[in-house]
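Dropping the structures in below, format is structure tokens.
Both complexes shown next keep subunit A, but they swap its partner, so subunit B is in the first and subunit C is in the second.
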Partner chain A sequence: MDREFFRCDTLNELFNIGVKRAADMLSEIVHRKVSLQIPKIMVSESEEKRLKLGEQFSGPFDGALMVSTISFQNSLNGKANLIFPADKIKKLVALCSAEGIFPPEDIAFTDVDFDVVREIGNIILNCILGEISNLVDLHLVYDLPRVVVYNRIDFNQDIGREKDHSVMILFVTFLIDNTEIEGAVIIDLAVESYRDLLRLLDGIEAGI
Partner chain B sequence: MDLVSREVLDLLNLGILIVDETFKICFQNRFMKKIFVKNKIPPQCSSLPELIPGFSSPYFQMSLMDAIEQGHGLFFSAALHETLLGGREKYNIRVNRFLEDGEKRLLLEFTEVTDSFERIRQLRENISELRLLNQELKQKERSIQRLAYYDHLTGVANRALFYEMAEKFLYAAERNREILGLMFIDVDNFKQINDTYGHEAGDKVLVQVSEILTAATRRNDIVARYGGDEFLILLPQIKEPDNYKIVVSKILRAKRDALVSNGVSVKICLSFGVSFFPQDGCSVDQLIVKADRAMYVAKQQEGDNCYYAAEDHHETGPFINH
Partner chain C sequence: MRFGGFATTMACVLIVDDSVFSQKVTANLLQKAMYGENIAISFASNGEEGLLKFRALKPDYMFIDLLMPKLSGTQLIREVQKEGKTKIIVVTADIQKRIREEMEKRHVFAFVNKPLNDEKMRLLCGRMIRNDRSGSRVLSL
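Let's look at the complex of A and B:
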């Protein structure tokens, strides 16, 4: 339990450094005060936890989602996904781009919406993955982000299908000026990579 | 870079820049040079921040350094960096690291997306026009509805709406075994007001009467202008026929001095007749006839009289003090 706590604590610290850096970068390009917080991190280490994770995720993200994904290979293999409820995307894009406001009837996604989410995903995911790779001194090869809209994600079904994968969920709160937007980052690691990561974290705990 | 690679890159329909670890320009393809000409950027500049000053901002510097050192792929959207190249055209930029003879290089691809922005702008304009059109149509629909169902002068229900509502109330009263009251109201000496002070003064009196009647009735009661100086009130779901007196009392208690011309006001007097479903008739017309007759009886007396045939007595001015 202590070891698990230490792992979560280390990851939390790591991810918070990453999102702090991402928030600074976002603030600079959108010319607004952006803060990013990670109120909760969850790791699916067992079947039971995986189901719990699904329950926790389904609440705020039960609907259409826009997902920006970066794949990485080499020392660790997996995918990192930045996820937003689709109904929040217009607000996010309007806040981040020069538009400022958006007409309420403007509901269809445009190429610009996809591009903005692609860049935001690129910034946040690169910062988070960059921190992991710095900490454990691993070299990762990244793909450019891919953005897809899903009508609905059945988390349990999707994760259950990937038995040889482990999942970490970071619930991320975006605060842009005074507007709050809830998002999440899901890091999906091949089980071998996940074990490698845990071994490296345990090494840090042991002072190796 | 060999000649074939350069020629292939020159054939691409997107701008290509290759920079080294110090962001010195190693190569720019033909399309990229065209972009620089279009945006009045001197192509002979030797480094990326010199060529495109926006790249010297901390965000770009940090991102490009990460790309060089850690191999991050980067994407910069035109929406978030509209002014990066300074011109009207908009470009998305992708950055990838590659190795050339063991040296780290960054490949920057500039894809023009000006058309996408223009299409979105047009789409938004169309949506906005449609929204305005839709609002206008709704407004017109409301106006038409008002014209069809409300009296133009007083704003209360007209005959069409009165009959529509009366039929509904009558049906409900029959089904639920309720009492429906109908009040017929006529302005006393209205012709005299018109003749003495003019039609404009008469109109003012009618507007004030409408306001008094509306204020004295419940939210679900219907006040209607039947024609000329005649008004009707539908009183659905009244518990006792006698309850009409509450309404009459409220009306007579209201301030009924109408300012008809400069400094001249007249006292508005009203005559009332009432009838009730089911005791006085089973149709709207029967109830109107009964109430009209009762009003006629009330009108024979001095001003502010009310008559209900079944009671066979007049309710006059003093009754408001009961």
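Let's look at the complex of A and C:
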């Protein structure tokens, strides 16, 4: 099997398992069925690819965004981000808190909103990173998760300038009842860590 | 010993988690699963506060998140195990096998991956009520 194909296929599979597990967990939190649409993973290695990736962020990601981030070290160095359009956050929090009341979307974010998104981000990102870690037998040490609201993110600029990093992006749409919540997971790995990860995936292919 | 036949004696539980959302989820599920039982629940929002409340309350059980500010869950567990016989239930989003194995080596009472749900809490409470360690095996959920 072509090595590039195998790497891509394995990363796709790992992310799919992680996101599926994350959706199951989200379903347990909101006590509702959570459906999922996951397109393929996109990876940036060259500058040209990085710029193309930035262009993928349009539509729901054009406005204000809430970003939940976990940094990790040890076997791999990098950070994982879960991005939700800010206008969907109130709905997500209402679903999680079982109140089921959707407040007007222009109300400012509260500490409760931040707390819920931090915790959900923590659970979802841990699912994805944990699956990778378990498959290739790594040990990741996490920093405290944090949540930041951005009025707008210029993804072209942000992804494009990360020259010493490889960025993996996954667009995920959660469908909770009739509420569609588009999100994106961005895993930003130091180049050396990305190479280490690929070496470990190659080891799986070689049966090591 | 409180619990293990309970209803007449008050069992003390301390929930240590930096997320108020998770504190509430844990407490609600615990109250539901322990309905009719005599149970007092206290909260702490970081490891340091958890240690202070542990020393003040000497709880029977502690639910401890691993990733917390000021004093991590792992450090808190170390201190609690040094100082008392409180049974520890680790509740974490971390699904790494190594973390689970590390906690099993520490002989915690149970290791639970977030999110907690009715089924996990029911199994956990069943064991708490029976005060059952099933030998040295850690309950893993």
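In this text, the second predicted complex is superposed on the first by the 198 of 208 C-alpha atoms of A that agree within 3 Å, B and C clash if a C-alpha of one lies under 4 Å from a C-alpha of the other, contacts with A are read in each partner's own complex, and residues count from 1 in each chain.
The rule is short, and it goes like this: contacts are C-beta pairs under 8 Å (C-beta built on N, C-alpha and C of every residue); 3 or more make two chains touch, one makes a residue touch a chain.
Since the model is a prediction, treat every value here as computed from it, not as a measurement.
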{"item": "Clash or fit, subunit B versus subunit C on superposed subunit A", "value": "clash"}
{"item": "Subunit B versus subunit C as contact partner of A:28, first or second or both or neither", "value": "both"}
{"item": "Winner by number of subunit A residues touched, once subunit B and subunit C are compared", "value": "B"}
{"item": "First (subunit B), second (subunit C), both or neither touched by A:73", "value": "neither"}
{"item": "Contacts of A:131 with subunit B and subunit C, given as first, second, both or neither", "value": "second"}
{"item": "Which superposed partner A:110 touches (first subunit B, second subunit C, both, neither)", "value": "first"}
{"item": "Subunit B versus subunit C as contact partner of A:145, first or second or both or neither", "value": "both"}
{"item": "Partner chain(s) touched by A:179 [first = subunit B, second = subunit C, both, neither]", "value": "neither"}
{"item": "Subunit B versus subunit C as contact partner of A:118, first or second or both or neither", "value": "both"}
{"item": "Subunit B and subunit C contact sites that coincide on subunit A, given as residue numbers", "value": "25, 28-29, 96-97, 112, 115-116, 118-119, 122-123, 126, 130, 133, 139-140, 142, 144-145"}
{"item": "Of subunit A, residues touching subunit B in the complex", "value": "25, 28-30, 70, 93, 96-98, 103, 105-106, 110-112, 115-116, 118-119, 122-123, 126, 130, 133, 139-145"}
{"item": "Residues of subunit B defined as touching subunit A within the complex", "value": "57-59, 62-63, 66, 70-82, 92, 94, 96, 113, 116-117, 120, 123-124, 127-128, 131"}
{"item": "For the subunit C and subunit A complex, residues of the former touching the latter", "value": "18-22, 25, 67-69, 93-98, 114-115, 117"}
{"item": "Residue ranges of subunit A touching subunit C (in the complex, touch as defined)", "value": "21, 25, 28-29, 96-97, 112, 115-116, 118-119, 122-123, 126-127, 130-131, 133-134, 139-140, 142, 144-145"}
